[in-house]
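Residue numbering begins at 1 within each chain, and the chains themselves are lettered A, B and C in the order written.
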Amino acid sequence: MTVDVAGSRWRLPFSPWHLVLIPLSFLLVVPLLWMLITSLETEGEANHFPPVLFPAKPRFANYTEAWAQAPFGHFFLNSLTVTVVVLVSNLVVCSLAGYAFARIRFLGRGTLFVVLMATLMVPFQVTMIPVFLIVKWFGVNVWEGLGIDHIGALMLPNLATAFGIFFLRQFFQTVPVELEEAARVDGTSRLGVLFKIVLPLSLPAMSTLAALTVLTSWNDFLWPLIVITSEDQMTVPLGLSYFQGAHHVQWPLLMAANVMSLLPMLLVFIGAQRYFVQSVASTGIKG
Amino acid sequence: MVIAENTKAPPRPAPVPPRRRWRPWGADGVTGWALVTPAVVLIGIFGLLPVLMSLQLSFQHSDLLTPETPWVGFDNYRKMADDPVFLEAIKHTIIYTALFVPGTMLVGLLVAAAMNRSVRFISVYRTAAYITMAVSTISQGIIFLWLTDRDYGLVNAALNGVGVPSQPFLASPSQAIYVIVAMTIWGWTGFSVIVYLAALQGVPAELHEAAAIDGAKPFTRFRTITVPLLGPANLFLLVWLTINALQLFDEVYATTRGGPLRATTVIVYYLWDQAFVHFDAGYAAAMAYALFVVILLVTAVQFRLARRYAHHP
Amino acid sequence: MIRHRLCLALAAVLTLVLAGCGGGGSSSSGPTEIAVWHGYQDTEGEVFKGLIDQYNKAHPDVKVKELYSSNDLVLQKVLTAVRGGSAPDVAYMFGSWSPNIAQIPQVVDMAPVVKNADWQWDDFYPAERQAATVGDKVVGVPALVDNLAIVYNKKLFADAGIAPPNPNWTWDDFRSAAAKLTDPSKGQYGWLIPADGSEDTVWHYIPMLWEAGGDILSPDNKKAVFNSEAGVKALTVLQQMAVNDKSLYLDTTNENGPKLMNSGKVGMLVTGPWDLSQLPDIDYDVQVMPTFAGSSGGHQTIAGPDNWVVFNNGDKKKQAAIDFVKWLSAPEQVKAFSLGTGDLPIRESVGNDQAVLNELNQKVPGTAAFVQNLNNVKKVRPTVEQYPDISEALGQAIVAVMLGKEQPAAALNTAAQTADAKLAEK
């Protein structure tokens, strides 16, 4: 392709942007590379400082051994269930609320938004005990599956977050309001405008929120730690803690398990890739 | 309805019927409330209620051991004012936030701008950015501890190569907080990139093409067209990164544990330490509330400034 | 169409929530279930689960369920659970938490129980019993014991031409050996100490304080006395090695000790038996810590016992839990656990058994030395609830001195003032 660089024309077999993007991506990915390398080392090699960068013989057995040390299959299933429920719930609830905050002027909107945002401003270390008590109440008074030591308890506090609402509000605001007003003039309801106009134009934002929600939910550690006390309700991060003892961390197995736990998120993201690109036809010019 | 094609100004809307006076209690107001109700219920129960319960805790003496939690009024808050470690923690938290937030936004924007094009493998680069967010803070901590190690780290090896003596970095009370800044910028770049990418996608290509036809250089186009349209994304990142920076905990826990000599003790780390190592949960809750008020004020200021300098409906 | 998708999504949410419910109602009849929270992984985990299986088979009216919970994080978990009314029946807890755990009403006071002869309470090493006793209460039953000793790299000593540590060494000998082992060009150090200011750092200093003739608190536990001449003397050794000789590597991560040792970069480590299995790549040996010449303290070391803490969840569960813990800590199981895992035996009768020592040494060389070193545990850390505050003050002082930012006497005086203030509070 040809590139216009400072007026003169160069002919390169590839875009010069690769020269920037490759080192950049490499820098970003270094932790992952280190994880991969460690996951293929023996315990002895991992017990070195400075770390051994090139294991003598890649030890793929670490992966099977890590998988066998705990019922990871079950952990993956639990994590998957929780993440899917939390994801769908957030996308639905936060887009409804996000749209309302972005476009509808209702009484008390400003105050309500601030109040919801306030829930992001107190660290979890402080609120975790009250949340525990509330969730326990649900388990006792509403349905056992939602209470302590059930994966329902992992879903309940996360079904909607102010983060999602804030995020979507910002992005919904970038949708040209003229389009919405035109539709309203045509008689479409608010909900209709949301579904027919705003959401289709917000695919990058929705898929970004989806990716971020999946990430947070999958990697959540502290809350499952205090709420789950049976192995069959555990999620993947708790399974990872099996390799972290008080005096001794089994690095190769931990990293192998870590890499395995990243794979689903990777798949989700790769799948969501095509929604990140806004199709040219929907930039706002419509007949 | 046809929207006039134009080379410079954004498309002008076709005439709309005159807007009615705003009636928040009208049908629109009801719809608004209906749409937010599910969120309000969920966040109210699991977000707001715990926050209020913690407020109650801040007025009590609680050691998390005995069930008795006697009311002590403002004692916990007074303790904060006299606590030199808390005051130090405030200072560290401010320094950290002031460096981390602009740093992450800038780096994220530049990287996202570089990635926002349809070269081959672009999805690979984007995936690289995303997957860095999936790496646990523990792993990030280990790597940075190693990279910046005074004797065996790569950074010092590089510095020695150009004649600079080895630096203690995370082992030094004066340098540690800055290394944490660098480490967390690195860790959060992926997030920043993903958000900016989503925003950049919303910049109509036609505007760029039109400006290019008029002879504007790429960087000028970037500055005058793209950046202003990133307003909402900028605000989002500014607010969200600030909220997170002021609540820094994980990365400190994974590396320095608040040291050396408290150099990296930030507010949330200190309050966690008070609650779970020193068994003074009431005090921790009070600190969390003082922090909460600050975060609220800072966020409110950010929103106000955004409204003044942006031109969004 | 999108509305249709929305309905599907909501239906999916509901179905998944319903499907996601696992585990279930417990029946009131059937075996009594007790939950045991522990931090055993790897070999220890296997042996422990084996013991549990054995117990469950022998006692069909009880079902012991174990849950792994990393030791560092179990306190948060336990406190939240207790608060929320969902405490376990037995939990493995660090000994240093004893004075604070003693205040939890749900913790069972084992004093009336362990008085019975069949518990053979006096067979547990004195340090363990002291770490489990807070005032009149006995908050737990010993689960683990360890201590600190020198683990050194034989090859590095030979290469430097120095005689390896022996029981007659003084701290001066230690210091000069460390200096000779230090070679900045190779990134090699004589000694390494965890230097993050936490209890990990402090408990390396404490045996030195004791050996120099000092103490942490006054006998009535009301005043800090570690800023005595003995305290300054002990801290000065650390200062000389860290600041003047630069032979002491300050590990602020608390994790690199065994790694650096295993990589041949550190000559000596003062550590516990848990690190021995992490040193497969070097030829090491174990020796007791040196003494201070002319001090009445003699050879001393510090033990870090941990306890099984029993929680009261109703009479039936409580009794089942007590019975289980009694079985677990009986001499037969202690021997089996120790031989299976390489951990030090928690009972003197087992620790004095030469056959056991030999077998332990075969599995992990050097273990026997640690067991014998238990006889040098003469004092324990004070079981006062302000200990975390005292530890923190001391930790900051020690790190400040090792970093060269403060002088020992001044640093210890500041720490003593802080400690005294905290002790006066309650």
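Just a few scattered comments:
Everything below uses one rule, namely that a residue touches a chain if its C-beta (ideal position, glycine included) is under 8 Å from a C-beta of that chain, and two chains touch if they have at least 3 such contacts.
Bear in mind the structure is a predicted one, so any value in this text is a computation, not a measurement.
Under the contact definition stated at the top, the chains bordering both chain A and chain B are C.
Note on interfaces B-C and A-C: more C-beta pairs are in contact across A-C.
The chain with its Cα centre farthest from the Cα centre of chain A is C.
Separating the centre of chain A from that of chain B, both taken as means of CA atoms, is a distance of 16 Å.
Chain A and chain C have Cα centroids separated by 37 Å.
Residues of chain A in contact with two or more other chains: 49-50, 92, 128-129, 133.
Of all residues in chain B, those that touch two or more other chains are 64, 152, 276. For chain C, residues that reach two or more other chains under the stated contact definition are 76, 83. By the touch criterion given at the top, residues 14-15, 17-18, 20-21, 24-25, 27-32, 34-35, 49-51, 92-94, 96-97, 99-101, 104-109, 112, 114-123, 125-131, 133-135, 156-163, 165-167, 170-171, 173-174, 177-178, 181-182, 185, 189-191, 204-205, 207-208, 211-212, 215, 218-219, 240, 255, 258, 262, 265-266, 269-270, 273, 276-278, 280, 283-287 of chain A touch chain B in their complex.
Across the complex, chain B is touched by residues 75-76, 79, 82-83, 100-101, 103-105, 187, 195-198, 249-250, 252-253, 385, 388-389, 392, 396, 399-400, 403, 405 of chain C.
By the touch rule above, chain A contacts chain C in their complex via residues 43-44, 47-50, 78, 81-82, 84-85, 88-89, 91-92, 128-129, 132-133, 136, 143-146, 148-152, 155, 195-196, 199, 225-226, 229-233, 241-250.
Taken in their complex, chain B has these residues touching chain C: 63-67, 145, 151-152, 170-171, 173, 255-257, 259-262, 276-279.
Every residue of chain B that touches chain A in the complex is listed here, in rising order: 1-3, 11, 13-14, 16-17, 22, 24-25, 28-33, 35-36, 38-40, 42-43, 45-51, 53-54, 57, 64, 111, 114-115, 117, 119-121, 123-136, 139-140, 142-143, 146, 149, 152-153, 186, 189-191, 194-195, 197-199, 201-202, 204-206, 229, 232-233, 235-236, 239-240, 243, 247, 249, 268, 271-272, 275-276, 281, 284-285, 288-289, 291-292, 295-296, 299-300, 312-313.
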